[in-house]
Amino acid sequence: MSVLDLDHVFFLLIVNIGIAVLWGNRPFVGKILTLLYILEGLSILTSYHVLLSGAVLSSSLTFTVMQQTVQWQLGVSGGFFALITFMAAGLATWFSSGVWARSYAPIRLLHSYMALNVAAMLLLLASNDFLGLFIAWELVSLVSFLIIAINGGRSAKAAYSYILYAFLGAMAILLALIIIWNATNSFSYVEVRHHWSTMSVNRQLIVVLLLITGFGIKMAILPFHRWQAPAYAYVPAPVAAFLGAISSRMGLFALFIVLLQVVGIDVIQTLWLPFEIINMQTFLLWLAALTLIIPTFIALRQTDARLLLAWHGIGQGGFMLLGILSANALGTAGGIMHVFNHASYQAALFFAVFSVSYRTGTADLDRLGGLVTRMPISFTVMLVGIIGLAGLPPMNGFVSKWLIYKALLDEGMPLLFLAAVIGTLGTILSVYKLIHNTFLGQLRLEHENIKEVPWSMSIPMMILASIVFITGYFPGLLLESIAAMQSTLGISVVDYHLGGVNTGKGNLNMIVVVSTMLMAIGMGALIFFVLGNPRKQVTQWDNYAGGHFLTSDMRYQYSHNFYPGLMRVISPLYRNTIFWLESAIVSTVQFMAHISYALFMQANYLLYLILLVVISLLWVLAV
Amino acid sequence: MVWDQDKEATKDNYASQTIVLDQILHELDTLNIEQKNNQRFRVDVSAEALPALLSLLKGRAGYTQLSAISCVDWEDEFELVYHLWSYETKVLVSAHIRIQYTPAVYVSVYDIYTPAGFFERDIYEMYGVYFEGSPMMEKFILTEWHGPAPMLKSFDTLKYVNDMFNWQEYQPDWLKEIQAKGGKVVS
Amino acid sequence: MSGQHIFLELILMPLLAFMIGLFLVLMMRKVRARIERRVGPPFLQPLWDIIKLYVKKMQISHGVIHDLGIIMLLGGYITAEVFLPVPGMSGFTSQGDIITLIYLMMVPSLGLALGVGQCANPNGSIGISRALTAMLAYDIPFIVVIAGACLYYGTTDLTEIIALQKSQQWGLLSMPILALAGLIAIHAMLGKEPFEIYVAPAEIATGPMVEMSGKYLGSLFVMQCLQIYTITVLYTSLFLGGGYTWFDFIPKLFLVALLPVMITVIFPRYKTDDVLRWLWKWPTGLALLGLAIVVLQG
Amino acid sequence: MRAENYQAVTHPESHEFELNFGPNHPGIEGNYALKVRVNGDKIVAAKADGGYLHRGFEKLMEGRLWIQNIALVPRICVPDPVPMEMCYALGVEDLCQFEVPERANWLRVLQLELSRIAAHLFTFGGHAATVGMYSNMFWGIADRDLILDMFEQMTGGRVYHMYTIPGGVRRDVGVEQLDKISDLLDYLEKRLSDYDNLFFNNKIFIQRARDTGILTPKQALSWGVTGPNLRACGLAFDVRRDDAYLCYDQIDFDIATETAGDALARNLVRRKELAQSIYIVRQVIDYLKKDKSTHIRCQIPNPLAWKVPAGETYTRVESSKGELSFYIVSNGGEKPYRVHVRGPSSMHAVQVLEKLVTGGRLEDVAQIMFSLDACPPEVDR
Amino acid sequence: MKDVIPIQTNNTETIAVSKNSKNIYQQAIDTFSNFCRARSLFVLHYCTGCGAIELPPAMTSRFDMERLGIQPMVTPRQADILLITGYVSIKTLKRVILTYEQMQGPKYVIGICSCTVNGGMYWQSYATAKVLSEYLPVDMYIAGCMPRPEAVLTGLQQLMKKIEKGEANSWENYFKRYDYYLGNQQHLFGDTWHTPTDILEEARHYHLYGAESTGNNTARLIKYTVEHDLTKLDAPLREKDSMTKRGKK
């Protein structure tokens, strides 16, 4: 296999961008783009076994700056993420290739931005040193901004907020790079790792914190989580699915590379925050746990299905971080696997929600209901998706969450285990509300003639749903590449087989679990259908209403404020502490952003900029 | 607000009550008071003066409770009786007015006594007397009744029942036994 | 294990669970009746109820999801039984640990929730909303208890936990505080007063059961049997050393179920938010205390 | 379905939905309905819907003889029928100027107070069941049954007794019977401490009932609240004392009051009244045992051709629910010209209930209804 | 007990419905089903009238229905027995019929109190229905005003015996003779009377659809629903028809 395979991919991506820009609003072009994405995915998949063995795919593209040769190589972790990217982009483009595109005016922009996004993300995934990483990172931020702002209105506002955050993140990364350069005189991962211990502990600490801030902003880790949900919720369906599934995982990828490959989890474990209050790893784990819990419970309060899903995306990011930072073979595996799992069910859920809003014109959970009889495919996809998101067997979400729970228990972190379970329970509550208010309950009069979405939209959804199920049934498919990733990174490797993992202290074999479930459900169906008389379906008006007659103009659906008892207990937390803290931090950040923006807009802005950089440099050198 | 006076004081109240009502009599000329016993007064008043009387009784004499409003169908006119109770003096005053048969309309005293809403609605349903100004004039008990106001003397319930319903033969064994012994229904 | 053996266990374990569950339900009703100065139901009453509901001539369905929910509910519990070790049979316990079991036990709840949602009755939906809220309430102490027990035993494999208790001492003796917190949590899991918020006839007309008829309601009765069985077996395995033989195992199950039933009749029902507050205060506090002791000891 | 049930309402923008409490609902007392509009678990609006028990009593009474109506009146309120008979009898006696023998009056008080005990036991049971405390319901209703046994032995009727007739009572009560009642009272007093432990001092019950459905004294007065519900607001008004009838002015008893005005206070007032009623019944038993008179009713005319003198009267009786009044008009004929029944629940079950429920929580609807002790047949008649 | 009078209701004549001859296997199942049905009766918790006051004693500690396998149930879906406890006013009767139609067969109606037989004490009242069995098939009357708890329990036990013998089949008449019952209901409630339950379809489901199931009255009902169903907003939304008849806006 040629080592220059990555060039093919890059070439295909350029073709992709070209087609999208030139003929983006032609009706057939969506399908061509889909094919191209599939082709790109396949070209990586064909050489995937090479990656698994520890080799890399490299590109001929190089340049040298500051005695650093920047080149692009795709390792197994990059390959894994790239596959997810192509899956998400391909299915999103497919989803937008049919009838939907006709109703959407800026389709050309959408295709072009999507292609640009994919290209930038691939650059990021294939980057091999900090410089390449930084360049690609900035590109990703820029094109993400473009794609978030595509709809104008609310999403443009969110995009503006996003770019402010991204600016802050870029500054943080830049600062960290400067410190690293100062200490090690190199940007290469290997070199930096080699020279890492030459830095003072304080400086190590600052670099780690700065990098986490910079990359964490992209994955909306606390307390930088406010921008993401509105930014993802109000964009068109394919974009939301693409962004929610993979785009924000770029931050996780970068963190993963930095924390595990460059810094090393052993270093993190020995770092202490000032005054030795808390270990760096514990701090990060609790940050991840809070990133899991708080957005999940914010999601519970949403009445807009898109916002609800977007907030869950943030929360699940916390889950991944929790796994990766647990410094346990199972946990790391769970964390990375959750990236794939999350991408699959989150995209499916976004598609399902947008199918509903495509047909009904609203995603407001208080204005829907009873659509299951009208849109059975979307319902099935959403059911599979929510079982995955809630992390219940037999879907893939369960496997990755199981690995993380198990890792936390094995590492003796019962409180973090509790936090993870609380996050899951909150998710269960929230997703039931989602499916109940959308598909179950009373069908409204105005939705009587709703039909299922066209095939061009339902097939990508069904593909995603089947991926969710199959990777839940055979988690070994994913664990194979994750184990390869772990061995290339030099951390402990998970003991896996096709059905799950063996730990010796509690095993998981999803093949057995799912087969038993299927068999048991078969038995249940047998009991249900064979015993007793046949069923008879009645109209929804033939219903118990305390002995009263029901009419179609009477609202007989419980939707708004779905968990009132819970809200009575926890809503003071929303209002006072968390919300206050959040808004305080966010407004500070935004205030700073506004100030720097104002300064930047001054006539002699260059002076200010130079002044700022010089001051920061002086400060850093003084530390 | 605990009305726990001793009995002597209560007796004084009965006496003073006559004086209070006499004062009101002077203000409203169409009033006729009759004392039935210590705790019952009957007041006959013209229909126009009733709201004024009720306001006076509530505001000046402490008649805070409207116990009931009764309606009597005298075939040519309706009699409305407002039963008012004073917690302080422990006296019940029944104010009687007469209103015409057609159109059977009267003013509501809902703004003086909230409980009037229920009784006025009841009278509206049962007698068809409409009370202007009451916010509770939609039907409550007879929501699914389309016939005439049933409490009117002109409505013959027996005839209605015979038109509408059938009877079934009911001859259980124990009744037959009794009948065999010579028992029969006394009519 | 041979395939035949596995197949036998797959049938036998749920069946036994159902039969023992019937008697647990009977005991519950009998004890309750006795405290209320009544005679209580005849011996086979739970069984007659279920059969009667299954042989109803009309089975009203509100749609496919209504049926699917019931099937999921039955299937979920049947699966859970196979992952619960009982004397002489361990099913697939080695292939899925206690975490798997806990999540498998949520599948029936999800099934019920879907089925009830399809019924388009707000009473049912409120019931589900309350049931899920209650789940959030009791699962937190319960998870702490599980975490404490797993930390203490150093494994999440139920058969190993039982074996460890047999060789050393019962969890009840080594972790008394956790065992107490667990008992309160299972009382709440059984949904008896004062935690009976999701049935609450006077408020929401029996909530999830509101539109369930015939075999749908019958399946809910089956679920009740399996639920009591599953919870008591889980508790017995964690704290009472599982069963050496069936002869000591079944009395343990009845004992575990008896304690909540005995005290449930003297309580009214809490409001939803009070359930959360109470369960997050006392049992969770107890469980955290027990956990702290386990961590400090270990 | 039927247009008359629902005036067409547009789908509310605010995502509220409608929920029906009753008529077929365990959270409603009898055959009655309360339609509520709910947002989450908060009641936004409530509307009572009655008429399910409407029989046209007032019309029926106009069509029957004075004596026939004795059988009809107790059926107006099922759990507490004796005050109905009493009120009717008082009215007819007032019109006819009957002198009722003293012993009959004491016998009537015996009936009234036993009926009050039975009704209160029933209400406790119902109230406990709404908050999920079924054992109290099972005990209370079983104990009430013992009182019904006494009624049966005294009058021949278990629920409806038709014991009080204009002019006196139907039968005398013997000493043995009085002893039995006395024993029953001993038993009930013993049981009361059980009820206290189980129910009235139950922390969870107190937590639920306190501050639920609060009536302020001002509201209570302006909404026409009477009976135990009024006394729970701290207003000591009792028809038995303030508009005394029968021989209540010769009996020593306290008027039970509470000040909070919430569901708990209403319940505690009934609990205290129960004790007071037992105290009253003991006094009555003492009197009846001492009194050797056998004169239990005055001379009444031939019941089949009984013409009551023309006139009108308004009689009031304190029932277990509140103030019960009859307005009786006679035109001198064989049948009443007009009988108007003012049941105490006609206030409690309609306006007061609607107002107390609105703004409250879904959990409390049934509890508020039962704490008001609303009795729908009195409303519908 | 004198109070308990199981009387023949007016559905003695048998209606020829295509009867499948049952084999031994089916007969065994039927016998066993009836055996179980007789041992587990769920009573609907619906107090239609004053007789309901004697049900709490019958349920609670003193008489304890549960020892006979009888339990109160909240909604019509769950219940087997509809106890009509006393007089039914017209307004209540509509709800009773709705409730009865929402119950699943086999279902039983017991008329408690004399009022359900012939109007009882309220025979001249304009507001109450007189003969319950004109509107619903009644399995058993328990007369008295009101019957004691013992009488209620004895009546229920007699019903159990009937069920076990397979004789308590009067619910089938509602489907076999729907036209008759509907006619009486329409006489009382007017021609626009209709309920959300499609009885004729259910009759087919039970294989009870016969010659007397349809007639003039059902024709009137169908005409009404076809005319008003899809144009009036407050008419029920019939899912089956709506797709074809309610065109796209």
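Each chain gets a letter, A, B, C, D and E, in the order it is written, and its residues are counted from 1.
The working rule: contacts are C-beta pairs under 8 Å (C-beta built on N, C-alpha and C of every residue); 3 or more make two chains touch, one makes a residue touch a chain.
Quick caveat: nothing in here was measured; it's all calculated off a predicted structure.
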Top-ranked pair of chains - ranking by C-beta pairs in contact: A-C
Closest chain to the centre of mass proxy, which here is the mean CA position: C
Chain located farthest away, centre of chain E as origin (C-alpha): A
Remotest chain, chain B as reference, centres from CA atoms: A
Centroid spacing, where centroids are CA-atom means, of chain A and chain B in whole angstrom: 72
Chain D-chain E separation of Cα centroids, rounded to whole Å: 32
Rounded Å distance between chain B and chain D, as computed from the means of their C-alpha atoms: 20
Chain A-chain D separation of Cα centroids, rounded to whole Å: 65
Chain B: positions in contact with at least two other chains: 143-144, 150, 155, 157-158
Multi-chain contact residues (two or more partners), chain A: 373, 443, 534, 536, 538, 540-551, 553, 556-558, 562, 564-565
Overlap residues in chain E, where contacts from two or more other chains coincide: 45-46, 60-61, 74-77, 91, 94-95, 99, 102, 124-127, 195-196, 202, 205, 233-236
Chain pairs in mutual contact under the definition given at the outset: A-C, A-D, A-E, B-D, B-E, C-D, C-E, D-E
Of chain A, residues touching chain E in the complex: 373, 443, 445, 448-449, 534, 536, 538-544, 547-553
Interfacial residue positions of chain B with respect to chain E in the complex: 143-147, 150, 155, 157-158, 160-161, 164-168, 170, 172-174
Residues of chain C defined as touching chain A within the complex: 10, 14, 54-65, 67, 70-76, 78-79, 82-83, 92, 94-100, 103-104, 106-107, 110, 113-114, 117-123, 125-126, 128-130, 132-133, 135-136, 139-140, 143-144, 147-148, 150-151, 154-157, 160, 197, 205, 210-211, 214-215, 218-219, 271-273, 275-277, 280, 291, 295, 298
Touch list for chain E against partner chain A, complex: 46, 75-77, 94-95, 98-99, 102, 195-198, 201-202, 205, 233-240, 242-243, 246, 248-249
Chain E contact footprint on chain C (complex, rising order): 29, 33, 36-42, 44-45, 48-49, 51-53, 55-60, 201, 205-206, 209-214, 217
